[in-house]
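Got a structure for you, questions after.
We call the chains A, B, C, D and E, going by the order they appear; numbering starts again at 1 in every chain.
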Amino acid sequence: MLEAILVMAFGAVVLGAALGYAAVRFRVEGDPLVEKIDAILPQTQCGQCGFPGCKPYAQAIAKGEAEINQCPPGGEEGIHKLADLLGREFKPLSAEHGIEKPKSVAFIDEQTCIGCTLCIQACPVDAISGAAKQMHTIIADECTGCELCLPPCPVDCISMVPIAEDLPHWKWKHPVIMLKEVP
Amino acid sequence: MSRTLHTFKGGVHPPEHKAESNARPVHAAPLPRKLVIPLRQHIGNPAKPVVSVGERVLKGQLIGAADGYISAAVHASSSGTITAIGPALVPHASGLPDDCITIETDGLDEWITRTPLDYRALDPSELRMRLRDLGLAGLGGAAFPSAVKLDPGARHDCPTLILNGGECEPWITCDDVLMRQHADDILQGVAVMRHLLGSTEVIVGIEDNKPEAIAAMQAAAAKMDFATEVVAVPTIYPAGGAKQMVQTLTGKEVPSGKLSTDIGIQVFNVGTAYALARAVHRGEPLISRLVTVTGHVLRPQNVEALIGTPMQALIDVAGDRDGTTGVLMGGPMMGVPITNTGVPVIKATNCVLVKSRELFPPLPRALPCIRCTRCADACPAELQPQELFRFAKAGDFGRAQEYHLFDCIECGCCSYVCPSHIPLVDFYRYAKSEIWAREKEKRASDLARERHDFRQFRLEREKKEKAEKLAAKAKVKRAELAAAPAAEGAAAPSDADAKKALIAAALARAQAKKAEVAPKNVDHLPPEAQREIEEIEARRAKIREIAHQPLETDDKK
Amino acid sequence: MPSPFILDRTSVTQVMAWVLAALLPGIAVYVWLFGPGILITLTLATATALAAEAAMLKMRGYPAKPFLTDLSAIVTAWLLALSLPALAPWWLIVTGTLFAIVVAKHLYGGLGQNIFNPAMVGYAVLIVSFPVQMTQWPGPLSLTDAPLTLAQSASVIFGGIPQATLDAVTMATPLDALRTGLLQQYTVDEIMTQPIFGYYGGIGFEWLAGAFLLGGLLLWALRIISWQVPLAFLAGIWLAAGFLHFFDAGRFGAPWFHLFSPAVMLGAFFIATDPVSGATTPRGKLVFGFGAGLLTIIIRTWGGYPDGVAFAILLMNLSVPLIDAWTQPRIYGEARRRDKEPPA
Amino acid sequence: MIRQARAAARNALRTGVILFVFALVATALLVFTFSRTESTIERSEQAEKLTLLGQVLPPALYDNDLLASQQGVAPHELLGTRQPSAMWIARRGEAITAVVLEAIAPDGYSGNIHLLIGIGIDGTVTGVRVTAHRETPGLGDYIVRSKSLWIEQFAGTSLTRPEARRWKVAKDGGQFDARAGATITPRAVVKAVHGALHYFARNRAALLAEKAASGEETAP
Amino acid sequence: MTLQEFNTIFQNGLSKQNAGLVQLLGLCPLLAISTTLVNALSLGLATMLVMASASGAVSSVRHFVPHEIRIPVFVLIIAALVTVIDLLMNAFVHPLYLVLGIFIPLITTNCIVLARADAFASKNRPLHSVVDAIAMGLGLTMVLVVLGGMRELAGQGTLLSGIDLVFGEESKQFVLHVLPDYQGFLLAILPPGAFIALGLLIAAHNWQKARAERRLHAATPMPA
């Protein structure tokens, strides 16, 4: 009996000490998970999720402080990808954070623009070029469609233009094979 | 002299249907009232319009200039007035409109002044630019700008020049007829190609179901001052695919992901050679081509059609019939369905194929894949189509790429033999365009992330710089203040001095604040601009890379 | 509607019809050997398969016509029926067919989705569940007084017969006889003198094997099956059995004996070649076939059941994804291994 | 660096002690339960073995403590054993009435069949049971008593009843019936029982003498 | 503990998060032991007993267990409890112990026990934890019983065979011979039968869940 108790006790002490030591000594800082989440997020940097950009939102998700359904530009597809990555259940997009809209780019009505630079300061990706008192232009290729430039504009000269499907952007659709009977 | 021919794996033998259209004489299609000339007829950047609505243009006049290296110009196919510049229906699988220039013809068909080119005298790169501005693009189907293909590139020469007279798609005979009638002109074009590419060996590959064309080309070749080997290759689809033609004639395989020029071989369609000859010797831009009109029409034939002629006009020439179930541009294996026969003939239009229920019975219902691997046996790219199908269907695009999706040339052999009648090629096209779209999206989001990070960094840096500047200024001020009394003589810094320092600091703060109000973007324009220029350069490089991809499928019949 | 717009004439139905046609010589020899009872078995299996297929299609919301006329269910039914003992009771036939169609085929997703060969799943279920009934083979033609007539066969299949009667008719199959003999410490040569053995395989059984071989060669000539699977399968059998026989001829049957058993020929040409559950790459087919042959001999020699073809093929079915992934062929334009440039 | 290492060491001490306490409590619990159940478990196990022996030995044949009579038997070909096996002696009063032998039928369809064979002092089988086998389920496993009564037909047989040439399954012209399609397994069992009888007959004297001696030793 | 909490816990255990059908935890004993109803029920109850006591114990000491050694501590607790139960069964229901054999000690490694200890008991009060463990255990037992019943019925045409191993020889009369003179469908009793039967059970459960969802969908009118 004593033998058994000794073996158990010795094992417990060694194991416990090793684990306790390792837990403090080899604590991993930084989180590769954040990078993975950030790669799924659309990088619109729109802040609709309630965080100041995609990376902070990714960090919040990784810590479990945010739900995965707070990103309207990522849409349902993005939520599905996040759910797969994190092994969580899919949730429909939370309405309080916005709705999924067709992909758009901002467009500045050059007649109305007064060159106040407010939108330039608001743009999270520096996609607006222009100078004070000069007309501004959106660099359409770099615009993420975040709409952050809309509220600061004093003359409401910015509008969102949905990206239309034109020939260069056209995609082949998934072929439909009718195997099942339509009920 | 006979050449050892090699065989490529796979391929199919669909009924040829060549006899319907290759016996009738070639006529020019009547001049239509309206010509619609798309600006995007070739691979690469669309041409830029250089005319305006209401302007009168002459036949052969430049109306859209080439935009960049990989591009080709477009020209007025006849004289008349520009009535519209903007979206119009074009022959494309999507059925979507694209930018076009519409000309109302005046019936005069009045030419601009044409000046032949002395190609031997011109600098090669100058000659290529001239050809680009004459709108030359491959006439085999993919319409790759010929000027680019005529550039031997880093290798400086391209020892083997292959002229592709394969024309393996059923029904199409325009190359066959062209070779029979214009063999001499074609070889004149070849002479120019030889000159530009520095080729020492010229091989003409023609499927052995076109004996007249072979004879005509042989006769013409005998007259030329350079050796040309006219070779009959076995009739099998897709023997006219560029890669397949290369393998049949030389036994070499074009390495996956590379171009035939990388192994010193360049392939041109016979129609391209003919157009090249006309451009060089007569100064004529590419404004017309030979089109096979066949299928369910009264008189299947080949017609010389102006670019921009509505396809319906060609069908009318051949004799419209009742019971038409659709029209294809191109052959039955790789053709594009045309929803509206008003769309124009473009440089890539080799055939207008009218379908009927008898000739093209509706495809039977698709059944599930039974993995019988007939598709794998038929695939000339030696892929595993059944696996690609599985991955494409499931949206597993990563695996599809691992299984070499992008080596698929979309020849349709797999779909042709599939006992389950699955539209396999459709799945590959879907997967490819989905992958491209995703890559584009990923690039966009990477760019956005990078720019956002940079902006964060910039804001941080500005804040820091401002603080430093402020501190430095205050220090200077304090030093000045300290120095002044010292110079004056004795007294230690008094209360008054301290006060002065404070005021100075406040002043500096105010100045800094003022500076802050000034637009930031202007301050930082120089480095920004520099960066932008770099980015633009990078994008250009990417575009060049993308534009190179379709080369592989060029000159496919 | 996108390209291509023309199709080859071959359809799934045609492929399956040829498979059925190629089974006919085998069925003819079967009738000659064991009487016309097999015709009842085939009919019963076919009817059960079609009914089960129709019911499953309806439940899964698929249209019945295109899937019933593809004949794949009938192929499954026939292959299973030919694997069962002659004069097997009706409920055995029905249970096996139901299992093949309902579980092995439709629960896995129907035509083209089954990872296991349905007929072999049906067979495996039966041999595991009803080993007694599955090992009662009547003796072939030359060893019994006279083959049963159609009516007699029907009464055996449907009516059931007393154990004693069945005992009188049935005898050990050649494989069983070999196994039993070996366990009783006889040598292979001694065992082979029993009347059940013929020139190469079991008496009569070897002719059945020959008929299946004939049908298989027909399928190969029509390019419905590839040469790789059958050849590799037979090679696997021959080499494995040959190695053991060479090693100790007294304890292991001759390779020809193993090769000319009907199960092997049926398996090599009709079952292992099932495209849905088999490997697809050319090299993969060789691996698949050879593995199945090897496993067959291993199971026959050391396994717990009399024959190993079904289990061997099912086991190889399991490894198909791996085999396919490992044997991806070189594609056009991809460097051959020996041509590959040395790493810089 | 050093501070981190020190913090880790402190944590190690803490977790080590906690785990130690848990281990102590758990082990104590186990020790307590074990001490309380030990005797009951031993009794159950003995009863189990006794039940098994009882199945091959009619209760009328013995009044001794069978378990205590266990003896070792050297491996022998007739028993099919390659390692020493066990044997139990049944007595009624002082007289030996029967023995129970362990035997192995090595030629089952799939490997060894372990048997327990009870043999009366007169060489008559009192009962046979299969204790372990790997025969095909449904085909060869009817030799187990819980599946069928087949094994019961050995009771009452001896070397002479039936005579040697009838010690076979019915299919081979013997007296023991066997199910169709599965004759290998019963063949093996029949052979093994026959072998055990031969073994008993040959070694009867030695076995019983030795056992009698050892029996005396254990007797009070 | 409110009634609602109680309900939620039980719903999770019996259906929503059912160990056998949804979480697919502890499949090894589930598949190996479910050859007959009695075996299945016995192992299920034994597992439940272990779970309840383990969860209760883990929950009571949860504040004293540092995060980094929680797994060793939980395993220690579970292993000790399982050994205790193993000893008790060996002592008092020996025949059944012989049948269930190695699967009793194997409860230690049954993921469902550790999973509940780590996922629930280490974060909840003892009462909740015990209730959760019982609910989970009941859910598992339910699946085991249905599986055992299915396999026994299909395999040998009886129910409750082997009941005498638990309640003694005289309880043999309770064995139900549902299908007299049944041929026996061996596959059901053999290991593959366990997989097939479990697959069918999971399918049925999913089907029922999907149907319930569809009904719910149809019942609530879509917002305009």
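The rule we apply is simple: a contact is a pair of C-beta atoms (placed from the backbone, for glycine too) under 8 Å apart; a residue touches a chain by one contact, two chains touch by 3 or more.
The shown structure was predicted, so the numbers you read here are calculated from the model rather than taken from an experiment.
Colleague: Which contact partners do subunit B and subunit E have in common?
Modeller: A, C
Colleague: Central chain, going by Cα centroids?
Modeller: Of all chains shown, the one whose C-alpha centroid lies nearest the global centroid is C.
Colleague: Among the chains, which has its CA centre at the largest distance from subunit A's?
Modeller: Comparing chain centres, D lies farthest from subunit A.
Colleague: Could you compare the number of C-beta pairs in contact for C-D with that for C-E and name the larger?
Modeller: C-D
Colleague: Centre to centre, by mean C-alpha position, how many angstrom separate subunit A and subunit B?
Modeller: That gives a centre separation of 35 Å.
Colleague: Just how far, in Å, is the C-alpha centre of subunit D from the one of subunit B?
Modeller: Here subunit B and subunit D have centroids separated by 84 Å.
Colleague: If you average the CA atoms of subunit A and of subunit E, how far apart do the two points sit, in angstrom?
Modeller: Centre separation, subunit A to subunit E: 41 Å.
Colleague: Using Cα averages as centroids, what's the distance between subunit D and subunit E in whole Å?
Modeller: Chain centres of subunit D and subunit E, defined by C-alpha means, are spaced 33 Å apart.
Colleague: In subunit A, which residues are in touch with two or more of the other chains?
Modeller: Those would be 12, 15-16, 19-20, 22-23, 175, 179.
Colleague: Give me the residues of subunit E that touch two or more other chains.
Modeller: Within subunit E, residues 66, 68-69, 72, 76, 184, 186, 190 contact more than one other chain.
Colleague: Check each residue of subunit B and list the ones that touch at least two other chains.
Modeller: Within subunit B, the residues that touch at least two other chains are 93, 365, 367-368, 423, 426, 429.
Colleague: Going by the contact rule set out above, which residues of subunit E touch subunit A in the complex?
Modeller: Counting only subunit E, the residues touching subunit A are 66-69, 72, 76.
Colleague: Could you pull out which subunit A residues touch subunit B in their complex?
Modeller: 38, 42-45, 53-55, 117, 120-121, 124-127, 129-132, 141-142, 144, 165-167, 169-175, 177-179
Colleague: If you look only at subunit B, which of its residues touch subunit C in the complex?
Modeller: Interface residues on the subunit B side: 8-9, 12, 14-15, 93, 170, 243, 247, 253-258, 326, 328, 330, 332-337, 355, 360, 363-365, 367-374, 376, 380-384, 386-387, 403-404, 407, 412, 415-421, 423, 425-426, 429.
Colleague: Which residues, counting only subunit C, touch subunit D once they are in their complex?
Modeller: Touching subunit D: residues 128-133, 135-136, 163, 166-167, 170, 179-180, 183-185, 304-305 of subunit C.
Colleague: Going by the contact rule set out above, which residues of subunit A touch subunit D in the complex?
Modeller: 1, 4-5, 8-9, 11-25
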